[in-house]
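Look for chain A in each of the two complexes below; its partner is chain B in the first and chain C in the second.
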Partner chain A sequence: MSVKYIPVQWNPNKYVYDAVMLAAVAAFLWFFMFVSPDLLAHDRPITGQIRTARAFGACAFFMLTVILCIGPLARLDARFLPLLYNRRHFGVMAFFIALTHAYAILGWYFSFTPIETYEALLSTNTSFDRVRGFPFEILGLFALLCLGVLALTSHDFWMKFLTPPIWKALHFLIYAAYAAVIGHVALGVLQDGHATGLTVAFGLSGALVIALHLAAVMKDRRAGDPAASIAQDGWEVACHADQVEEGFGKVAVLSTGERVAVFRQEGKLSAISNACSHQNGPLGEGRIIDCLVTCPWHGFQYNVTNGRSPEPFTETVPTYDLRIDGAKVLIRSEPNPPGTYVEPVAATPANKDTV
Partner chain B sequence: MSFAATLVLMAEIWVWIGLAISALFLTIGIGRVDEDARGAYVFRPLLVPGIILIWPLVLWRWWIIETGRDDWAKRHQPPRAFHAQAWMVLAVVIPLIFLAALAARQSTELLTPPVLLEAPQ
Partner chain C sequence: MSDKEDPFFVGYLPAPKSLRWFLAGVSLLLILAFPLFSWAVSVTQEDPGPSGYRFDFGRQTLTGTITLAPYPTLHVTEGSELVAAGETILLAGVGKFGVANRVSDFDGALATLQGIILDRGDLRMLQVAGGRRGVMAAEGEAPTLDIEPLGRWRLSGEICDGKCLAGAMRPGTGIGHRACAQLCLVGEVPPVFVASEPINGHEFFLIGTADGAPIGRDLIDFVGLYVEAEGEISLRGGMPVLIIDPETVESL
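Right after this comes the complex of A and B.
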């Protein structure tokens, strides 16, 4: 959570996360560069420079694969949420690994061209009209640019400045980058018919990413947040009061398309936007700890009665007026400006059978 | 000038404009648009590469905030539906790219074996 911006926000959990990530990257590169040549005993060995470039390229690809698996895994099973916590550092590291790959490739293949290096990269192969011999380098360059935009706009400042929806839309470039990387690899190194192991590994990685995302989509459609029903002018039935457990939230989708999270604290109900102001994480899936709901993604906290983070933090989310009609919890469709206090409403206790 | 040389030149111009905008934004603009950036200077150099890459977006957001057109409600409307649509498309596109590339692969066994040429007499 932010008060004044600092270059990198580290804490003990992030140190552990980053240490494990760095150790895994170092182990992968060491294995690829120093162990695999003797182990595989290639009949057509490659030079050390090419192996180094491929090691960093393969490392970036598998890092990207893991990064893309974390999101759907966390949606499918909450036990994977800790992996989501510091995924940003993972992404920045993947960019620098990919950048090293590009630097090694330029240094080996484009060092002695009579024209400028980048001009040579863009003009050496322009056979865009065929699959065999397609200029796969351009796909790699496009993916690197996308990863660069993602990594270099990963600071919390960017999320607040651009707003989470625009920041997220920008970061959807990761999908285009992954498709481009698949093309870059398949039309590049995998054109070597001897690279059977790499072909299987890359193919399975792509299949895993697709399968996990489709599984997460199906889960969301099967067990997604229920839609609120319109009760009367400007008010909608979000849920029944006995469905909201003490210390937890219940999410409903309003007719405006916005998600509202109804919380019960000390027996009384309050409603705030389901979207955390940090990265639009699902607040309704968070728990109330010390009178504050905690976002399950990155731990941002809000008072559910006024949508404000505790002092000295400045984040706010919109609140919603609510009232009780019998057993029904009615929410006003239009949100209050972020940080507006709404008096909590007393309601019948949660019934465990209907939660 | 070749098309590639033109692209490289355009990229260089883009970077120089981005550098000028980052100097302007990080000294004048950032404190005006974000209270959390006031008095915080150490993190600002970290933003320079990002501003260079997306400076048109930076200028647009700066203008929106300066003119008071920022809509607070939109901050809390995540584009959730896009994930599903994107992966429906990628589930087709990625295997298609992969399989097309493998289908185009040449067998090295079928290539003509290398011949050692005689040195010219």
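Right after this comes the complex of A and C.
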């Protein structure tokens, strides 16, 4: 959370996150570029520029794989949420690693030619009608452009400027980028059939990404947020009061398709939108810390009675009118404008045995 | 609802104690997984083969007969420690350029060339040095080149650029190198057919066309692919040459 835009809001956890990431990437590149030539022991080794290009390309692919695994892992096990916290730094670094790969390729394969480098890239291989021999470089270029857009718009300024829904939709480009990278590798180096290790690692990586996403989807379907049931005109039963524990939220999907999070604070219930105004994080999976609902993704906080971040912060989320009917918690289907105060409603204390 | 037994991480607060060991383990796993992936990919790279620049022999000075068609070659009459008299070698310029324009005045005549040798098996190429000392006229009678026809053959293999194949890049073949090879051929570096099975003991064939012109886009599109092609094979001064029939080239 911030009241002004600064390049990076550093904190100790981000330092640790970035240090781990840098160490992992450095270990990858160091091994590939400086250890493997001795292990390979070729009489005439692979050209240094080609080795460099391969190292950075393979590293970028593995980084993207890890980045895409973080989301579903966090859905499957909340202990992985800290990996989500600073994932954008990981993404920006993946872009620069991929850019270095592209730079090495352009500076070697597409240079020293009678044709200008970028013209050569786009015009040399035009066999779009064949699988073997397809200009796979174009797919790599597309992926790089996607990663560039994601890196450039990774800052919160762009999220505020574009609005979270558009920003989030834009950042689904990561999947297009990964698909393009899959094509880039599959139609490129794998076509030669000599890269045994890459073939296996590539297959396992793609399978891991798909499997984790499927597992996360299945978990969400199996244990997803329950739908609210319509009670009276404009009101819906979100849950029972005793299902909401002190300091925690309970999520329900309203007939409008919006998710509402009902929280209990000091014994009273309040309801706010489940979508954090920062990155649409699931507020209902957060907790009340220091009297504020805290998003599990990046720690954005809101007063549960009015959906406002504490001053001097300015973020707001919609609130919902709430009333109690016996044990039922009724929510008005239409949200209040973001930041609207709603009087908390006293309700039966949560009883763990009835959850 | 989140499980209240689970530790709750907030990025700007110290990590919960119960989560620290888990995060330390994940961090360690990542730091190990990256070099592990690197190992799996890097140590299984294919040997690019016995090719490369022979900088260890330094700049070579060779005299011989220049032949322009199908691509510039030098039939050596005065060799060096590395290249014996009687050999015929391919010629190329620095970068992805041929040398046809630089040796065009010497077709069938003697010239002295300087440059660096690249080799791969019995394939040799001279990367002609820039400047006047790269190509110089030589005095003497140019010997006639022996041409030994070997008949019409159907070959399978790969069309490459002779320079990267000879070791300007390692590896210098295959799909990954396709665009680079195409650019070399656009720059009129001599193309070479790498046969999957030797013919009369020869694996590498300088490719030419019937009219003596550089190969066109129709053949360049097949570069780096596994192809079959037909053509007339001959030995010109000992160098295997394939005069390719473009109509017969097909990707396998």
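The criterion applied here is as follows: the second predicted complex is superposed on the first by the 349 of 355 C-alpha atoms of A that agree within 3 Å, B and C clash if a C-alpha of one lies under 4 Å from a C-alpha of the other, contacts with A are read in each partner's own complex, and residues count from 1 in each chain.
Rule of thumb we're sticking to: a residue touches a chain if its C-beta (ideal position, glycine included) is under 8 Å from a C-beta of that chain, and two chains touch if they have at least 3 such contacts.
Everything numeric in this text was worked out from a predicted model, so none of it was measured.
When both complexes are overlaid on chain A, chain B and chain C end up clashing with each other. More residues of chain A lie in contact with C than with the other chain of the pair chain B and chain C. Using the contact criterion defined above for the overlaid structures, shared-chain residue A:D290 touches neither chain B nor chain C, since it reaches no partner.
Of the two partner chains, chain B and chain C are each touched by A:R132. Applying the stated contact rule after C-alpha superposition, one finds that A:A169 touches chain B and leaves chain C untouched. Touch criterion met: A:L214 reaches chain B, while chain C stays clear of it. In the overlay built on the shared chain, the residue A:P318 is in contact with chain B alone; chain C does not reach it. In the superposed model, A:F80 lies in contact with chain C only, and not with chain B.
By the document's definition of touching, both partners, chain B and chain C, reach A:Q191.
According to the touch criterion, the shared surface of chain A, contacted by chain B in one complex and chain C in the other, consists of residues 115, 120, 132, 187, 191-192, 194.
Chain B meets chain A in the complex at residues 2-5, 7-8, 11, 30, 33-40, 42-43, 46-47, 49-50, 53-54, 57-58, 61, 70, 72-79, 82-84, 86-88, 90-91, 93-95, 97-98, 100-109. Those residues of chain A that touch chain B in the shared complex are 2-7, 115-116, 118-120, 122-123, 131-132, 145, 148-149, 152-153, 155, 157-158, 160-166, 168-170, 172, 175, 178-179, 182-183, 186-187, 190-194, 199, 202-203, 206-207, 209-210, 213-214, 216-217, 220-221, 257-258, 273, 275, 277, 280, 314, 317-318, 335, 337-338.
The residues of chain C lying in touch with chain A in their complex are 1-4, 6-15, 19, 22-23, 26-27, 30-31, 33-35, 37-52, 94-97, 167, 169-171, 174-180, 182-184, 186-187, 221-222, 224-226, 251.
In the complex of the two chains, the chain A residues touching chain C come out as 11-14, 16, 20-21, 23-25, 27-32, 35-36, 39-40, 42-47, 50, 54-55, 58-59, 62, 66, 78-83, 85-86, 108-115, 120-121, 124-125, 127, 130, 132-133, 135-137, 187-189, 191-192, 194-198, 200-201, 243-245, 247-251, 284-287, 289, 294, 296, 298-299.
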